[in-house]
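Which chain is which? They are A, B, C, D, E and F, in the order written, and residues in each are numbered from 1.
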Amino acid sequence: MSHQTTNHTRTMTDDIKDITSQNPDICYQCGKCSAGCPVRNYMDEAPNLIVRYIQLGLYDKAVNSSTIWLCAGCLTCTTRCPKNFELAAFMDALREIALKKGIKIKEKAILKFHKAFLKQIKNHGRSYELGLIRDYKLTTGDLMADVDAAPDMLLKGKIGIFPHNIKGKESIKRIFEKTEVK
Amino acid sequence: MDEKIITKENLKAMCSELLKNNVDVISPLENGYLKLKSGDELTLDSKAKHTKASFKEYVFPKTEPIIFYKKSQSDVELLDVKMEDKQTVIFGAKPCDVRSIGILRKVFNWDYKDEFFNVRTNNTITIGMMCQFCDDFCFCTSVGLSPVSSEGSDIFLIPLDENNFALRVITPKGEEFIKPFGKYLMDGIKGKSEAAEKNVKFPEKVFDSEKVKEWITNNFENEYWNTIGKMCLGCAQCAFVCPVCHCFDIVDEDYNYTEGRRMKNWDGCQFDMFTLHASGHNPRDIQSKRYRQRISHKFKYYPDKFNEILCTGCGRCSRGCPVSMDIKEIVTGIGELANKV
Amino acid sequence: MENKTFEPKIIAFVCNWCTYTGADLAGTSRMKYEPNVRLIKLPCTGRIDPVMILKAFEKGADGVLVSGCHPGDCHYNAGNFHARRRWIMFHKLLDFVGIDENRLHFSWVSASEGKKFVDVINGFVNKVKAKGPFEKYEKINKEFVING
Amino acid sequence: MDDIKKIARELFTSGKVNAVLGYVSINGQRTKPFLATKPEETDNFIINKYILNNLTVYLTKKEILKYGKIGIFAKGCDVKAIVALLQESQIKREEVYIVGINCNGVCADFDMEFSGETIALKCLNCEVRTPKLYDELIGTTEEMPKADDGKLKMIRKIEALSSAEKWDIFEEQFDKCIKCYACRQACPLCYCERCISDKSVPRWIESSASKRGNFSWNIIRAFHLAGRCIGCNECERACPMEIPLSLLNRKMAMVAQEEFKYVSGLDPNTPTLIGSYDLKDDEDFIE
Amino acid sequence: MQIGYYPGCSLSGTAKEYGKSVRAIFKQLDVELADVTDWSCCGATSGHVTSHKLAMALSARNLALAEKQGLKEIFAPCAACFGRLAVTKQELKNSPALKEEIEGIIEDKLNNTIEIINIIQLFQKIGKEKIAEKKVLDLKNLKAACYYGCLLVRPFNILHFDDAEQPTSFEELVKSTGAEVVEWNYKLECCGAAHSLPRKDIVVDLSKKILDDAMKHGANVLVVACPMCHSNLDMRQKNIIKANPGQKEIPVLYLSELIGLCLGLDNKQLGINLHTIDFNIRLKKNVEEEVAK
Amino acid sequence: MKIGVFICHCGENIGRTVDCVRVAKACSFFPNVVHSVEYKYMCSDPGQNMIKQAIKDLKLDGVVVGSCSPHMHEKTFRKAVSDAGVNPFLCEIANLREHVSWVHDDKEVATDKAIDLMRFAVEKVKRNAPLKTIQVPVTKRTLVIGGGIAGIQAALDVANAGYEVVLVEKEPSIGGHMSQLSETFPTLDCSQCILTPRMVEVYQHPKIKLMTYSEVEKVEGFIGNFKVTIRKKARFVDDTLCSGCGDCAIKCPIKKKALSEFDEKLAFRSAIYVPFPQAVPNIPVIDKEVCTYFKNGKCSMCVKVCGRNAIKFDQQDEFISEDIGAIIVATGYKLYTIDKKPEASEIKGYGEYGYGKYKDVVDGLQFERIASASGPTSGEFQRPSDGKTPKKIVFIQCVGSRDESKGFSYCSKICCMYTAKHAMLYKHKVHDGEAYVFYMDIRAGGKMYEEFVRRAIEEDGVKYIRGRVSRIYEEDGKYIVKGEDTLAGVPIQIDADMVVLATAMVAQTDAPKLAQTIGMPYDNYGFYSEVHPKLRPVESSTGGVFLAGACNSPRDIPDSVAMASAAAAKALVLFGSDMLEREPTIAFVNENLCAGCFYCKKVCAYNAIEVKQIKDKNGNVIKEVAFVNSGLCQGCGTCNATCPSKAIELIGYTDEQIYAEIAALM
C-alpha cells in the first residue's frame, strides 16, 4: 500500500483524532448541538461552527473562539448528536491544543480558574478551596470576587483553612509532570 | 551364572554406557515407559504404580509404515521399509509387562511371521524387576503370574534395599548381554533375594481361569454379557493400554497425489467399525457383544488356540476406564457364575 | 540453489460467484499478480469446511487463502455469514495451536473487484514469503518421506 | 443416601421411566455409572463427591435407548449436555426424566481426598450448580472449596506465546495421542453415526497415530466441539495419555463467549452457535 | 453491606453537608463506606478541559488504589467525580494503548474491573424496602423538584444509567420519602457548573431559569445530587435574588439530606444548617404535623 | 477411467505466455490421462470436433479442457462432450487464460501454474459423477403480498396479461398507506380519488383472487413451483353473506374503547368495523380485544341488527394452500414510532422530543389524517389535544432518518416532499397561521419536486430553518421548540401550537419474519435486498421472488408504482416458458451416516432440509435423518461444510472431489 503514504503533514485534525479517537468529518452540521447548548448565548461562535472550522482547516478561528472556553462540559450536545459525535470531548481537545500552542485565550478568567484549581491538586493532591480562591484572585486581580459568599462559607467551615495533603502527593506531581501540565 | 548383586549407581552407569553405544533404553518413569536420555533418569521403583500404558509400543508401535508406494500413469511401484537395526533394552519392567512379549510372539508368528515384530523383539533385551505394588485392580496371580515371576525376562532384578538389587540371569540372551558389564556386578549373598521375594504381597487369586474358560464356552448368549457390556462406552482405551492386546488395522495414506505409504495401526475390538462388513452388516452390532468378544478373546479363544491367557493381570484397563469397568471384578463375576453351575 | 528466493505454495478456496469471477475480471483487465496461488472453486464460502484448510497445509501449502462474496452479497443469501462464524472460531483455534495467523488469510472479493483480488493475492503472497516455508508442518510431514 | 435409592426406586414404581442411569459405589468412595432396569437394581445408588461421570453420554447409545424413557441423575454440568442434545435433536425432552443434583463440586479423581486442592477444575466458577433443566431437584447448594484455575492460567500463558512456541507445545502433546478415541467415546456430544476420523473416502483425518494424523484429529475434534462443548471434561479424564484436551475446549468456549456472548448448554431454545449467525459478527480479521 | 467510597474533594469542603449527610444516612442504612485510601482529586472539570491524559491519569490513579484495596465497587456521591471515574474506566477499556500509556504515567497497573456507581444507584442497591423499614418521618408536605443536572445520566453511552432524556429514578427514590415530586422541564438543564467563579453572570442566568421553572411547577424544595449544582443553586441564590428583585427563595437539599430527614436525622446531623437558603421552617412544620398525629 | 486433455492456445491469448506444448506433454504423464493435445482454438468447430473424435476413437470417459474461464465456454465444451455420448458433467475446465496467461508475464512460471491447474482438473474429473440437469414445470400463477398501491399495481398488471393472481393483504382492506393520505405531492391530487377506482378494479377483476385480513404463513417450493399456505384470519363476519350495509358498526355499543388504526389513533372506531368508508372489500371485522361478546358473552347487538345473519362469533382462522409460480412482495413500510422509548433496542428514541407524551406533537401520517377531508376533523386543522386551530406549526424533518444515534443512517427520501406538502396544505387553509420547517437538506429530486418545495417557500410563505431541533417541551400550553438556524448562526426558539415530526420510513416490524418464511435476504434495516442495485433492482436473489415498493427501501408513490409494474413484467417473463432448467448441483444425504443433528437444516437458507423418519419393519421410528428437497436446494453446500460427519454432500463439489484437488497441489 505504498502508494497511499504521501508526505502528509500533521494537522490539528490529526491531533484531535488522536486525543478524542473520533473524526470531526463525521459531523454533517445539523446544528442540534448548538440548538441545545445552555451557554450558546454567551459564545461568540456556535459550537457546530467550531466543528465546521476544523473541517475546513480554519484552525485559528476555532482555537481563538470564546466558545471552546465557555463550553461547560454538560454533555447535552454529546447526548443528542445524531452522528454520535462527542462534541464535549472535541471541545476538551481544542482547549488542550490551544494551551499547548500558547494561544491568547479569550476567556482568561476561566483559564485562570482552571489553572488555580489544578495548582492545588498538583501541590496537595486534593482541592484546597482557600488556596484556590487566593490563587485565583491573585492571578485575575479581581480581589473583590465573591466577597459576598466566601465569608459565609468560611464561617460555616465549608472552606478549609488548611490544605489536606495526601500521602501520595509526590506521585500526583509526577503525573502532572508526565502529562506536561504546568 | 550365579545370582549377582548390583547397586543402583551401577545400574545407572550401565544405562549410560548403553546409551553411549546408541542403544535405546526404555524404562518406566513417572509419565510412562520412556526412552531414557541419560542413565540418571532411571528410577527403578518397584513400589511404583503401573504406568498408564505398557511398553507394547516399543515392540509393536502404535503406527508404523509397512510399505511405501508410488503411482505412475498406469503402474504402482512398491518400496520396502528399511528397519533400523538397533538394540533396545527394556529396563526394570514389571513381571506382568515383561510377560507380554512372549504372549504376543505367538500370535505374530502363527500363520505369518511378522517381520517387524520379530526384528524388534529379537533386538530387545528385557530386564524385569520384582513388583512391590498391589492395588484393587491387580490380579496377576489369577492368570498364572506373580509379582516375582521372571517369565519373559532375560534378566531379572530383585530389590534388596534402597540401593542394592539382586540380579538373576534368566536366558542365554541375557547372559550374552550382561557379559560386558561384569565390572558392575558383585557376588550375591545367598538367601537374600529369596527373603525379599517372600516379603512381597501377592494379589489374592480371585478366579480360576479354567472354570472361567469353561463358563464362557457354554454361555455365549448369557444375560451377564448384556448387563455388564451395555455400560461400556466403546472407547478401547483398555485395548490400547493393554500389554497384550494386539489388533491392528492396515490403511493407506497418501503423501501427495502419486506417493504414499501403507500403515499398520493399533485397532480395538471395542470400536463399532471393528467388525463392520463391506456389506454394511455388523455381526457385533452392539457394545455388549463387543465387550463379550474382548473378554472371550482373552480368556477363551486365545487360550484355546495358544494355550495362553491373553491377560497378564496388570489391571491397566480397569484403572483407566472412564466408566470404571473393572475386568477383575467382571471375570471374578464369571468365576462365581461358573461356581454356581 | 541458495540464491533462489522462496516461492510459497498457496491454495485459495474461493466462491464461484464473487472471488472466482473477480479473478476472471483481473484477467480480462490484464492485471498482473504473483503466480503462487492456486484457486479451488467452490459454489460458496459456505461450502468451505475447515478440514479443507487443514488438509491444504498437510499437503504442503505454505499459506491458505479463503475468499468469497462480501457480507450481504452472498449468491445463496447467507452462506458467507455461516462461513464467517466458522472462520472466527477456526482461525482462533489455529492461532492457539500455533499456526501463524499470517499463513491463513480471509478476504471478501466481489465479482467487480479485480483490483482488490490482485491486491489480496500480492499482499498475501508477500506476507507468506516473509514468513518463509511452513517448516513446522513440513517437519511433521517428513515422517512420510520414503525411507525405502 | 437412602434418599437417592428411594427417589430412584420411585421413578420405577411411579411408572415415569423404564430404566434409570445413576451412580453406584465400588471400592469405597469410587463410583461408576450404572443403568438400573429394575427397581431393585437401584439399591446401590449413591451420590457423593466422586460422581465424576457425565451420564449423559449414555443417552445417545443405542443399547440404552432401547429401554425407552430413561431417568437420569445429572449434575448441573451434565444437564448442560442434555440441553445441547436437545438443541441438536438427539433426544426428546419427554423421553428423559432428569433428576437434577444440586452440586457442590466433585473431586478431580477417585483416589483423592476432596478439598480445594483436588476439586475438579470444571467445578471452579461453575455457574450451573443448580441445573438449568430438571424434572425434580435433589440436594442443596453449599459453600464450595476454592481452588486455583490452573487451566485458565495455562491458556492465558499459551496465548501470549509466539506461534512457534505454541506449535511446539501442542506438537508434543498431540504426539502422545494413540488414537484410541477415548476422548470421543466419553464425550456426550460426540454422537455421530460415523466420526469424520473414521471416514476413508476421502480421508480428511488420517487414522494413524502419526504426528500428522494426531494433529488433524485433535484440531478437528476441538473444532467440531466449538460452541458445543459443555465443559464436562470427560474427554480429558478418559484420555489414557493425559493430553490436556480441555485447553482446546476451554479456549473455544472462551472465544464463543467473547465473540458471541454464547455459552453452550444453558437453554435448549437458543439457536446453536454454529448454525446461526449475526449480521454483526466480527469481521476485523477479514480483509 | 460494604462498599468502596470515593468522597471527592468537595465533600469535605464546599459540600461538607453532603459528605456529612452521606456518612450519616448510610450508617443508618447499615452500609459501611470503605474510603479509597489516599484518594486524590479526579481532576474535575479543570482536569479534562486542560489535558485529556492528566484527567485520565488522575482518575486512573484512584481506580488503581481502589483495586489494590480489593474493592469491587466504588460509590462516588459527587456526580462529577462519578462521571470522571466512569469515563476514565471506559476510555481505558476501549483503548489498550491508552491504558498502557496511562499506567506508565501513574506508575501502576490497572485491571480496570471496578464498578462505579452514583448515589441513586446505591440507593437502588439498598432497596426501597430498607428505606421504608428505617423510615421515621413522612415528608409529605414537601413538593420536590428533582434536579439531575448534567452528569448523573450523561454521557449515556458510558453510564447507561436511567433514561438520558426523561429519567425517573431520582423521582422514584424521592417518592419513597413521602414527598411529592413535581414534573418540570429543567431537570437536566445545566446550571453553569465550573463557571461559578470566573463567569458568575452565566451561572446566575442559568441557575435562575432552573429555580424559576421548579417553582413555576409548584416545587417548594429542590433536590440535587451534585456539589457543583448545589453551590450554584443554593449559594448563588443570594446573587440571583440580588440581581432579580422580587425573586422568591427556594431551599435546595441534597438527596442524602432529604433521605436523612426521612430517616429521622436532624438538621445538624445532616448539615442542613450549613445551607445559604434556610430549610428549617418547612421541616418544623412537617415535624409538628407528624407529632400532632 | 480414460481421460482426454485438450489445451487451447486461444489464438495467442494463452499460447503467448503459456507453453501449451509443454503443458500437453506434462499432462500426458498424469495417471489415467490417455490423450493429451493442444490446439489453436479449442472452442471452434474443428476444436470441438477434435474432442468428439477423441472420445469416439479412444473411448474417453472424462475430458479436461485447458482454456478460458468456465464462465465463458463451460457450456460449449460440455455440449461437445455430450454430443459425443459422454455425460456433460464429466467435462472439467481449467482456467488457463483469465487465471494464468493474462495475469502473468514469466512464461516458465505461467506454464508451471498451468500444469498445476490442469492436474487439479484431472484429479477432480476422475471423481466426477454423471449428472442430469433438472427440468421443472412452471405454475403460471402469481402471489402478490401486500395490497398497498404497489401490490395493487402489480396484481392488475399481471392479471391484465391474462394470468391468475392471488393478492394477500393482512389488513381488513386493501389500499395501504396511500388510502390514508390527504393529497399527494407535487400535484396535490386527492389521494383517495385516484386510488379507490384501482381498489375496486382489483376487487372486480376475474383473474384476481383477493384475500384480505390474511397473512402468508408458509412458503414451500421454489421458483415456478411454490406452495404457499395463507392464513385467512377470522373476521367473525361471513364475507359471503355480508352486504356491507354497515348497520352493525353503527349499532355497536363499543364506540370509545378502540382507537382507529386507519386514523392513526386520532379517532375511535367501533368493535365491529370497516377501517374506512371506501374499504375494499366493504366487509367489517370484529376486534376481539374490545368486543363485549368476546369479553364476557353479554352483547350481541351486531347479530341482532344484521339482516343477513352474517355475524359468526365461532369463525376460526382458515388455512388456504395455493400453487404459485412467482411471488411479488409489496409489503410496504411503517413509520418510526415516537410514542415510546423502544425497550431493549439499540434505537434510543427521542426523549428530547418527549417520547410522544405531548398530544400535539404528531407524526407525518397523523398529520395526513388531520389534513384529510375523510379524517377525524374532516380536513379542518385542529390540535388533537383541544381541537383549537393551531396558529403556529413547527415541522421537524429527519426524525429517525439520517440519525445513527436514535434511528437509522439512511434518508427516508419522501419526507422533504410531504413536509412541504403539509406546510402548504396548512397555509392554504389557515391563512394567518405560521409554518416553520426545520430541515437539514432539502432533497427534492423528482419531476416537479424542487418547484413544489420552492412554491411552499416563495408563494406560501413557509419558513424554512436549516437546523435540527434539540428539544421540545411544554410550557403554558405552548410547545417550546429549541433550534438553531445554522445558516444565520443564531439560536431559534419557537413557541408552537403544534409540532409535526417527519418520522422515518422504516421496514415493517415483521419484515424479517416474512423474509425468513420466503427465504430471501434482507438488509440490516429489515428492507428486502435486491440482487443487484443497478441491473436487477426488482428481483430478490431467491429465484421467482420479486420486490415492489417501499419494502425494498423508502420510496414514494410514482417509484413504487413503476417498480410494481417492473416486478409484474419479471413475473410475466418467467411465465414465458413452460419449463425451467436447473443445475444438478444439489445436496444429498447418506442416511446411514446421518445422526440427525440437523445442523444442515439450521444453516440452509432455502428450507431445503426436511426431517425424514427411518422406520423398522414394524413401523417403529428408529431414527430421524435429514432429507434434501431437491426442488428447493440451490447447491450452496453450506450444509455439507457444516455436517461434522459429512453425511450430507454436495453433488458436483463432493468432499472427495475437493480433497483430490487439494492433494494435487504437489
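By our rule, a residue touches a chain if its C-beta (ideal position, glycine included) is under 8 Å from a C-beta of that chain, and two chains touch if they have at least 3 such contacts.
Just so it is clear, the structure is predicted and the values come from calculations on it, not from any experiment.
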Determine the shortest chain-contact distance, in steps, between chain B and chain D.
-> 1
Comparing centres built from CA atoms, which chain ends up most distant from chain C?
-> E
Which chains touch each other through the most C-beta pairs?
-> A-E
Just how far, in Å, is the C-alpha centre of chain C from the one of chain B?
-> 46
Cα-centroid distance, chain C relative to chain F, in whole angstrom = 34
Any idea how many Å lie between the Cα centroids of chain A and chain C?
-> 51
Chain centre separation in whole Å, for chain F relative to chain D (CA means) | 43
Going by the touch rule set out above, which residues of chain B reach two or more other chains?
-> 253, 256
Quick one: which residues in chain D touch 2 or more of the other chains?
-> 194, 196, 204, 210, 274-276, 279
For chain E, write out the residues touching at least two other chains, lowest number first.
-> 156, 164-165
Note: in the complex, chain D contacts chain B through residues 26-27, 30-35, 53, 57-58, 61-64, 110, 178-182, 184-186, 194, 198, 200, 203, 206-210, 213, 234, 237-242
List of chain C residues in touch with chain F within their complex = 9, 11, 20-21, 23-24, 26-28, 30-33, 35, 38-44, 46-49, 52, 55-56, 59-61, 72, 74-79, 82-83, 86, 118
Footprint of chain F on chain E - complex, ascending | 156, 163-166, 185
What part of chain F is in contact with chain E in the complex they form?
-> 341, 348, 350-352, 354-355, 473-475
Would you pull the chain C residues touching chain D in the complex into a rising list?
-> 50-51, 54-55, 58, 71-72, 78, 81-82, 84-101, 105-108, 120, 123, 136, 140-141, 143-144
